[in-house]
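See the structures that follow.
Next come two complexes built around chain A: one with chain B, the other with chain C.
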Partner chain A sequence: MNKVHNNRAWWLILPMLLLVAFSAVIPLMTVVNYSVQDVFDANTRFFTGTEWFKEMLNDPALQAAVLRQFAFSLTILAIEVPLGIGVALIMPKKGWQASAALILVTMPLLIPWNVVGSIWQIFTRGDIGLMGWSLRELGYGYNITSNPVDAWVTIILMDVWHWTSLIALLCYSGLRSIPDAYYQAARIDRASKWAVFRYIQLPKLTNVLVIGVLLRFMHSFMIYAEPFVLTGGGPGSSTTFLSQSLTTMAIGQQDLGPSAAFSLIYFLIILLVTWVFYTAIMNMQKDNNKGA
Partner chain B sequence: MSASSLPKTPEEVRQRAAVADNRRRRKARSAPRQWRRRGLMAAYIVFVLLPVYWLLNMSFQSNSEILGGLTLWPEDFTVEHYAKILTNSSWYMGYINSITYVLMNMLISIVVALPAAYAFSRYQFIGDKHLFFWLLTNLMAPPAVFLLPYFQLYYTVGLFDTHVAVALAHCLFNIPLAVWILEGFMSGVPKEIDETAFIDGYSFPRFFVKIFIPMISSGIGVTLFFLFMFSWVELLLASTLTSTGAQPIASVMTQTKGASGIDWGTLAAAGALTILPGIVVVYFVRNHIAKGFALGRT
Partner chain C sequence: MAEITLKSLAHTYSANPQSPQDYAIREMNHVWQQGGAYALLGPSGCGKSTLLNIISGLLEPSSGEVLFNGEVVNALTPEARNIAQVFQFPVIYDTMTVYDNLAFPLRNVKTPETRVHERVMEVAEVLELTSQLKRKAKNLTADEKQKVSMGRGLVRDDVSAILFDEPLTVIDPQLKWTLRRKLKEIHQRFQITMVYVTHDQLEASTFADKIAVMYEGQVVQFGTPRELFETPNHTFVGYFIGSPGMNFLDVSARDGVVWAGDTALTVGQGVRDAIEKATSSSIKLGIRPEFIEVHTDPVEDGMPAQVDHAQDLGTYSIVYLTLGGISLKARIEEDQMTPTGKAWLRFPDERLGLYVDEYRVEIDHE
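Take a look at the complex of A and B:
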């Protein structure tokens, strides 16, 4: 669509801008302020410059948390994206089954995040949980409080349970927008199922998939409540992700300076990745407009 | 046109061929493949439902049955946990508080996001692209980063432990989300409609409320659904910004950790009740939800 150049559009943006600025810019400036100071109490503080940033970047515990975070985010993306596409392909398209499937598939997305943790805590406990108990009955010494591998697998399974629906729903909506004529053409050409998927469905899905991967990446990068409730970050610190390290530092230990510096580094990582995605989306829309 | 009449145009021939082709395909499609598809779908649904079933199972068992041994369904069926939650004000106020701030947030977000999304979808102006990206970055901001500053900010302005504080805090990610989704839906409305209305002498506010908003009503419905969803599931900010007056249900749930261990039955019942509002809401938007998840862009 050709847009009219009109700077008065700013007036339409203004109320939103003020509100978001109040809840984003002021707090962010507070964080920046803390990150360059050493605060002892309300009246005693020293300017420290980049010292906290250096300290944070060299902190092995945080480096480990960053690596863990990336490992986690990439693992769940690698599982959820193909699985989500698969679910979208087999979801019923008509009738009451379609409505029922939509509601059931959406359900995990609407459960408060700490309740998701609680659900899986109840589900996986060795004494009262169906999954934990079954695995033990089968002879596997499943224990998420002492075995890091079990804890990891469980957290990934929980995330797959929780968020595959998002990818599935995105792809489902992408698939529904493919005109029937495309499939008829493919049938006339006697195209195989794989060819239909590869050359008709997948290209149509790239747009929604970028949005899906973007949303999944950022949410997985902020994951807090689910592992906190399920494993508390343990055993040891094997499932302590970035948000939890940060919260422990800021609220638990009240280390304002270091945690503020850490916040900014954390935010910048997300920003960088987001920017890459955003540019990709914008370029894709440009290509689409050219094609249309 | 009767079915026996001969096709008159090439277009009609093609259409009929397609219909016949479809009919043949449906008959020829092997039954096993259909069943395999259904089986896989059923398997996924079971995977989704199993943990939730277990939660419900727990919530209808007495605590002695829960701890006494694993039972696949409640043998000693009881609603005592639900009764406890629904009669104790410290419990049910948690739900009322959560719903209150969610509704406030939905109202604030949609009111400021509508004009903003319109501006983004219709006009070019200085800094529009940068502004849009900045908005998206707020969607990406980890709540943990803002925890401490929010606490101090709302404490200073005297909003700590009120519903407004949580509603405003959730605006951080909900307004950008609303702008993003609405912009997608609005861009699907042809610009000629705006132009015609203005030529007919509509003022901007009247056009916007009388013509434009009804045209994107399904988009607004879907946006409200997403606002509900993200405000309802977010709990880190909500529980940090409140203590007793506006405590969300999530922080109330930590009460179940008593001296004698966790009260599993009540925890399960409280969890089951948090799923309910979501299912009610999703039922209303089920026909538009797929489009909404693609942010109105398919």
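Take a look at the complex of A and C:
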């Protein structure tokens, strides 16, 4: 058979290129443009090169925010992943209970971000909030506006409440795809409950967990609305995460150059971490393929 | 090692069974002797997998008892029954190496590592997996995976029995043959009771010493492959075993003659007497295609038949005949003349089987 080479076919990807240009490339280039200049008005600008980047990387407030951000993302991952797996394992597998459990578990995922923040803001109030009031009545001086530890614990609790469902649902679907024969074989091999989890369920969950962890990492690294509504970044700057620092800088102070540079750094951090994580996981599986 | 007895065993998936049709297993009694190689043969949906799962303990029977060496084990789990089972599709532990897969059932009961090593090496050698031991099980081919699945059953030398649930379904035809031989070899070497479920008569007869043929939830015959072939106890066995299956003719006796529809059959005195004695309305004569005598010229007592067509299968042919409106198949060996147009048939008396209400009735050939 003769294969026809027609390079005019390349024109067919033009619409896609245009779409991507408007949705991603052009906005991103605008940011790049701002990050290397100092813009005063439409006619006055100075080329600054890497100055903004250096400034941002050396800013102690931002460095602290980056560390805080990592601490937050790693903490919620460390809680949500095991908890999500656990929830998926105890969810009923059939009957109306299964449907009921699915609906209940999905519920938090359907609530908009700032509504979640508001719910928890009210929930934790000392005067009318169920949690705030109860803790005070129990004798603990709970106050998220003055105690950084209280604020942190509350934000983490809120995120766990909001997002554990995602991991649980992903794992639930992963568990459902395991054929019965595996469990039967494990019983016949006299495997303990732990061995069934370790050698049957967990390996089958690897793929969904990779997706879950990536999504949760990216999400949590960009968290904005919930802590903003709940604590406003305080007390002090103890719960000021990266996106909030950025917003303050770009909108509040109109520092377009530095905030553009900072946006790019922010973007590159997320890209780098997800890339490293993804490559590491894929490499682990590739080694498996070659055999030990 | 155990002798497995099924005592008035029955099973239904329905909560409120009304008729025998509601039962996946109809009441049955059966004994699998210690050390035997058995096959459980039957079409899809006849209850053979159900029966296997009841023996292994994955399923609890609705009524009746399962006994291992005379002890009732109904309430025992598969773990406690110490049974091994190989499933239709290979079940392997993906993240483990072949070695760890084979060692898994032993390590689960805290067997000393030296003993584990000994057993794994022995089983790996029998299954020709020695060179693969260090590979991850995930990357094996389907038949290697199935060998690992079997290996996990064999590695436990104290098992009561090993049950196979159509284990060669996913295997290529050529490898099937090798693996079947392997299984037979393993059976001779370890003398473990093995029950092998299949719907393939060839698989059953190459593996097993005795075959239980299942039909509609019951074992209709339990015998050697030869017995199943020569004296099927039930019309289903006649039809299911052999290729092609047995010919059956609805017959009746009137005025001292045996009739198949409007055609008078030439059969011996004994056969006629037996048919006359039967009181049921369902009377059938069965004869294997191999045993029909086909003549190209008129012979004494030969019944004239129409030759519809012949199928040449290399070493033999199958001839499709019509005898007074009844279709018959006959097998003709290579060295025989294949008839065309017309043929004369004879049914040797000693090869005829009489079936009343589907079950075989003895014929007194005096």
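Just so we're on the same page, the second predicted complex is superposed on the first by the 258 of 292 C-alpha atoms of A that agree within 3 Å, B and C clash if a C-alpha of one lies under 4 Å from a C-alpha of the other, contacts with A are read in each partner's own complex, and residues count from 1 in each chain.
In the analysis below, a residue touches a chain if its C-beta (ideal position, glycine included) is under 8 Å from a C-beta of that chain, and two chains touch if they have at least 3 such contacts.
Computed from a predicted model, the values in this text were never measured in an experiment.
With the C-alpha superposition on chain A as described, chain C and chain B clash in the combined arrangement. Contacts of A:169 after superposition: chain B is touched, whereas chain C is not reached. In the superposition on chain A, A:225 contacts chain B only, with no contact to chain C. Applying the stated contact rule after C-alpha superposition, one finds that A:78 touches neither chain B nor chain C.
Using the contact criterion defined above for the overlaid structures, shared-chain residue A:15 touches chain B, although it does not reach chain C.
Of the two partner chains placed around the shared chain by superposition, chain B and chain C are both touched by A:184. Within the superposed three-chain model, A:199 lies in touch with chain C and out of touch with chain B [touch as defined at top]. Of the two partner chains placed by superposition, only chain B is touched by A:6; chain C is not. Looking at chain A, you'll find residues 184, 187 touch chain B in one structure and chain C in the other. Residues 179, 181-182, 184-185, 187-192, 195, 199-200, 203-204, 288-289, 291-292 of chain A are the ones touching chain C in the complex. Chain contact summary for the complex, chain B toward chain A: residues 18, 21, 25, 37, 40-41, 44-45, 47-52, 54-55, 58, 66-67, 70, 72, 108, 111-113, 115-116, 118-126, 128, 131, 133, 135-150, 152-153, 168-169, 171-172, 175-176, 179, 187, 191, 229, 232-236, 240, 249-250, 253, 264, 267-268, 271, 274-275, 277-279, 281-283, 286-287, 289-295, 297-298.
Chain C makes touch with chain A in their complex at residues 56, 58, 77-79, 83-85, 87-89, 91, 93-97, 104-105, 108-109, 134-136, 138-139, 149, 152-153. Residue ranges of chain A in contact with chain B, taken from their complex: 1-10, 12-13, 15-17, 19-20, 22-24, 26-28, 30-31, 34, 86-87, 90-92, 99, 101-115, 118-120, 122-123, 127-131, 133, 161, 165-166, 169-170, 172-174, 176-177, 184, 187, 207-208, 211, 218, 221-222, 224-225, 242-244, 246-247, 250-251, 256, 259-260, 263-264, 266-267, 270-271, 274-275, 278.
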